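Okay, so chain A shows up in both of these, paired with chain B first and chain C after.
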Partner chain A sequence: MSVALGAAVSPGRPWLNRRRSFREASAPVAVALVLAAVANLVTGLAGLLGFYLAFVIFFAATSLVFGLRHDKVKAIDKFATAFVVVGFATAFIPWVSILVTLAQKGWPAIYGGYFTNDMSVTGADDDLGMGGLSHAIMGTFLILLVASVIAIPLGILTAAYITEIRGRLSGFVRVMVQSMSGVPSVVAGLFIYATVVSRYQFSGVAGALALAILMLPTIARTAEEVLKLVPEEIRSASYALGASQMATTFRIILPSARSGLITASMLGIARVAGETAPLLLTSFYSAIFSRKLTGEPLASLPMYVFQNFTVGTEHALTRAWGGAFVLLSLILSLFILARFVGGRTNK
Partner chain B sequence: MAIAIDSGTASSIERRKISEKRSLGDRVFRRGVTAGALTSFVVMCFIAALLFFRGFEIFRAFGLDFVTTSTWDAADGTIENAKFGVAAMLVGSIVTAVIAMVVAFPFVVASALFLEFYASKKLKFILVSILDLMAAIPSIIYGLWGYLVLMPLAAGWAATINKYLGWIPIFGVEVENFDASPFVSGLVLALMILPIAMSVTREVYSRAPLDQIQAAYALGGSRWGAIRAVVLPFGRSGLVGGMLLGLGRALGETIAVLLTLNLVFEVKFQILASAGGSVASLIASRIGEATPLELKALMAAGLVLFVLTLLVNFGASSIVARAERRVQ
Partner chain C sequence: METSQNKTSNPSLFTPGKMPAEMPIGTRSTSLDERMVNMSGLQTKGIHAWFGSHHVLEDISLDFPSNTVTGLIGPSGCGKSTFLRMLNRMHEFIPSASMAGEVFLDGEEIYAADVDVAAIRLQVGMVFQKPNPFPSMTIAENVLAGIKLANIKVKDKDSLLEECLTRAGLWKEVKDRLKLSGASLSGGQQQRLCIARALAVKPKVLLMDEPCSALDPGSTLKIEDTIHELSDTITVVIVTHNMQQAARVSDYCAFFLSDGHPGRIVEADRTDVVFTSPKDQRTADYVQGRFG
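Now for the complex of A and B:
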């Protein structure tokens, strides 16, 4: 009986089942809003940001004061709550600003021909109804394709070594992958610049090699997590039926983790799709639509943005925002797709 | 007849030999996977070796001066007349990264606590998904936004700070130009390191011992009481590790800093002034027009950056690993 009772009492999370009355929670907010509005009108805290700053200060103060109606402990608790909530909300403001600015400033650059024209006959400062970024999309696609072909198999092999072979070097390999993920992107670019570009030319392949270096650790780490989830019983069953380790890995383990591995690959691609610094040193930029991966510079979306930014005139900046908008849309859809594919396995 | 068949097959059925040895295919397979897994090691070695050998001439000619002086002059392309030193860039990298850490710190703590102890389960799920997406915003977009949207605002904040706190040396300026200062790029970097630092910290906070939190509540403590007495002390090393991982990111960041910082070859600690340094941005900005000799100097600078970020990342991941091991 006592055992059953002991088992029934599972540890709860006391911070979750706390009901606060709406009035109790909203009173400090309302008072702070009014005070902030007054401060916004009469003092130097003008504008939207000034209003927000004033609100934050008054909210902290009113939380403390309202809490003091109970006792000191309650007052400090309320003050801390204000700090935590406001801190989190404030961290979100810049991101909202980034997304809004991207949509607002990037939208004018986008028109029907934006995705089918290149910049070979259009200057960065020409009217917005001309030119486009088809060359950049093509370049990014090719570079990412080659980088994936190199990095995805290697990343999965690295993960398979840790989960399947389980050799003596597992710990070492994990540390290496960890430190490789910390390699600054510009150093990866510099490495390829010194080995490939300085000998041949700026080229799409060079860019792909640099991105492959940055992709590998992301894929290896995510794939390792995925392969760890494959139940040990499946492995044992396969061996018990007399399958070799190679057959077990390639025909049992990897296929059963397929959607997870696809997620890992997509995360790796999304992670490097926006890298600019390594491409600046390896594939550089060209204004002309091209499918050639070797022998000549190749355009890419990040470099398109960077190039137009350095020109710096009004139309060029709008083009930069437009390119950034397209780039972010691409990355976010990759991410959401990866989540979607991965989400299905977990269920 | 049945007997005949039995006797016919009996001789062909033999007991399978049990062997400890792996088949040839498996041995090849294991070698192959091991070789593939060592790619990361090989690449890391190649990077270090290549940067070292390409920059060797510079290290030999300038020795320690390369990291303690700050003149960057390729002169006529001969090593006798040229002068290369990355002190200003190195100090600048560290200064901007530290500004980013200081700015990000309260937000990291507040956000991690909010997601773990204040948000409902559903809200937490949504917010964490959004944060993961935000971590994917490429640095060129942070740079673009930092230059065109944040900088005009931040220059105004810098002017205000300078007006009231200008008597403190680091907030002083010689010329009243607050654009493209370490302060501005520090703010951009703070935003960039927030997601990673936050997720590591949150991970450690979520493992805070539940029994102790309940004990704090049982003793009449408030939510904040439990957090202060249990969660914060418990999660301290996770927080430090998360911030250090962010520091590693910030040190290696190139494009966002290049767009928002005015590179000047002089060691300065005036964070609001329009002059700063960054090793990574130096490489990206100079490589286009570098002479062969300067290229070697850039390789040497790359090695300095590589070693620095490697050390920071090692420190960070060992702290995080220890924090996580202690829990289990």
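Now for the complex of A and C:
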């Protein structure tokens, strides 16, 4: 076999060339849209929901029919693909809807000073160009930080105890963790209220303790699943090198599961970032920017939303939507950050 | 075979002619106790193994003189790997496992009550069938993992790193990318990385459980060269299904067979004897590929 020397060779992706033409791909969609519109007018499938339902049915049907021009296997393939695509899109609807609604309704509340001012000199019903939620952002940040410092190491150690140490009590601990994940958040709040707040004061630390109770089972259970996925060979390799159980667990197993453990921690934080009920009973709310975790109530984003919502006037409601939008954006960026940090290993 | 000739001075049960063919299998080392005196290396005496109630190994007595390579051969399921894992106490990680018998490392019983398991495994290293570098570590960190995990103080880590990788036949290929993840290497390179990792803690014995079964011929050859070089300073015990490999790398060979019963040793002798003039017909059939 000879190859012409000097011939221009450029990298290509021949496996992508067989992409269906736009016409071929869009034909079933177009026909289904027309049929759905007709059905929408003449049958009981009225309204937006009816149109969508009709479209789903017709899209699957037209995919099947258009596929039959090739052969039976192809037709079934297209039929199934249609369902998967529509299902994927359907699953995205609530996700997008929440984001869009929050952005729409919350946007008027947001201006430059929204992130730098607190509500100490501004009333809930004052003009939207005044006040802000810097106090709530700082409070949420501090409470989540303290809760994470408590719950993340505890949760990962619990998971390590169950899966790696396999101590005598590991079965019992697993059951306890599972039952803890069923604790209603308000009960966690009440518990801290009874044990901490009733003796001292509403405070950020009390809020963090309540959230830590809720985070712990989520982190421990997710981390347990993650640690179970570490291949047995890795464990064997470590023990065969003369490593103790302690060294194997902390220097081999946990680092191997690093990105999974970060995900577990993020899930734990996301689980509690929007909790309102436990904070109502523990850190309560303050309109003033503060970094003090003890001795006084501490603001938080969910409580900011709740507070403005209970005031209920037009501007207060807009502020509540704005707070909800900021809260969601923060959690979302936290997730993206976690994926970035967690996914950086093992190039 | 040149290497085995050099080693005939070792006090060994493998000295040809000591084992009459009609002798019942499994009873050949009744005189082990006398021989144990002044014996370095690894000895086993009356080893049995069970998984639950399933008896998988029966009365295995073998010794592995210092600085020799011993091949364990036999059909699948005859207990070779189980036996190998009992030599550094990896057997006990299987919840249903139990055992009887004794294993001596330089005359010390490794299953004695007061023995530190980690110390045993430091002296008896292991290379597994599947390459298993630590995925969270770089190539350099993998090699030095053992000394780090066991908190061994080493002054010149760089030269240890180079020495181990050189001995494992990997230095030239990886010296410019020591900071890359161990998982970025090819299968054969990963296996040699695992050998380098096992060597870094300076074991007296290296156990190898079919180390080349997942590798291409080129990598296999490199690992066999490595084994040859190692046998100057280390006792190697290797399980292999590859007869040619056993013939190429080992000084001594033990043929295991279960045959519906618990696994036993049919024949153990110098490799050239096992391959050219075995005393048991089953051994002859196996090494010539008539079954198994």
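The definition used in the following text is that the second predicted complex is superposed on the first by the 233 of 347 C-alpha atoms of A that agree within 3 Å, B and C clash if a C-alpha of one lies under 4 Å from a C-alpha of the other, contacts with A are read in each partner's own complex, and residues count from 1 in each chain.
Note that a residue touches a chain if its C-beta (ideal position, glycine included) is under 8 Å from a C-beta of that chain, and two chains touch if they have at least 3 such contacts.
Keep in mind it's a predicted model, so treat the numbers as computed, not measured.
Trainee: Tell me the contact category for A:Ala273 with respect to chain B and chain C: first, second, both or neither.
Mentor: A:Ala273 contacts chain B only, not chain C.
Trainee: Does the superposition put A:Thr249 against chain B (first), chain C (second), both, or neither?
Mentor: After superposition on chain A, A:Thr249 lies in contact with chain B alone.
Trainee: For A:Val183, using the defined touch cut-off, is the partner it touches chain B, chain C, both, or neither? Pick first, second, both or neither.
Mentor: first
Trainee: Applying the document's definition of touching, compare chain B and chain C: which contacts more of chain A?
Mentor: Of chain B and chain C, the partner in contact with more residues of chain A is B.
Trainee: Of the two partner chains, chain B (first) and chain C (second), which one does A:Arg258 touch, if any: first, second, both, or neither?
Mentor: After superposing on A, A:Arg258 lies in contact with chain C but is clear of chain B.
Trainee: State whether A:His70 touches chain B only (first), chain C only (second), both chains, or neither.
Mentor: In the superposition, A:His70 touches no partner, neither chain B nor chain C.
Trainee: So, does A:Ile234 touch the first partner chain B, the second partner chain C, both, or neither?
Mentor: Touch partner of A:Ile234: chain C, not chain B.
Trainee: So in the superposed three-chain picture, is A:Arg291 touching just chain B, just chain C, both, or none of them (first/second/both/neither)?
Mentor: The answer is neither, since A:Arg291 touches no partner chain.
Trainee: Pick out the shared contact residues on chain A: the ones touching chain B in one complex and chain C in the other.
Mentor: Residues 244, which sit in both footprints.
Trainee: Going by the contact rule set out above, which residues of chain B touch chain A in the complex?
Mentor: 22-23, 25-26, 29-30, 32-34, 36-41, 43-44, 46-47, 50-51, 54, 106-107, 109-111, 113-115, 117-118, 120-121, 129, 132-134, 136-145, 147-150, 153, 191, 194, 198, 210-211, 213-214, 217, 220-228, 248, 251-255, 258-259, 280, 283-284, 287, 295, 298-299, 302, 305-306, 309-310, 312-314, 317
Trainee: Quick one: in the complex, what on chain A touches chain B?
Mentor: So the residues of chain A in touch with chain B come to 11-16, 18, 49, 73-74, 76-77, 80-81, 83-88, 90-91, 94-95, 97-98, 101-102, 105, 153-154, 157-158, 160-162, 164-165, 167, 169, 172-173, 176-191, 193-195, 198, 213, 216-217, 220, 244-246, 249, 270-271, 273-277, 280-281, 302, 305-306, 309, 317, 320-321, 324, 327-328, 331-332, 335-336, 339.
Trainee: Quick one: which bits of chain C touch chain A in the complex? Just the residue numbers, please.
Mentor: So the residues of chain C in touch with chain A come to 88, 90, 93, 118-123, 125-126, 128, 130, 132-137, 145-146, 148-151, 181, 183-184, 194, 197-198, 201.
Trainee: Residue numbers of chain A touching chain C in their complex, please.
Mentor: Touching chain C from chain A are residues 231, 233-234, 236-244, 247-248, 251-252, 255-256, 258, 345-347.
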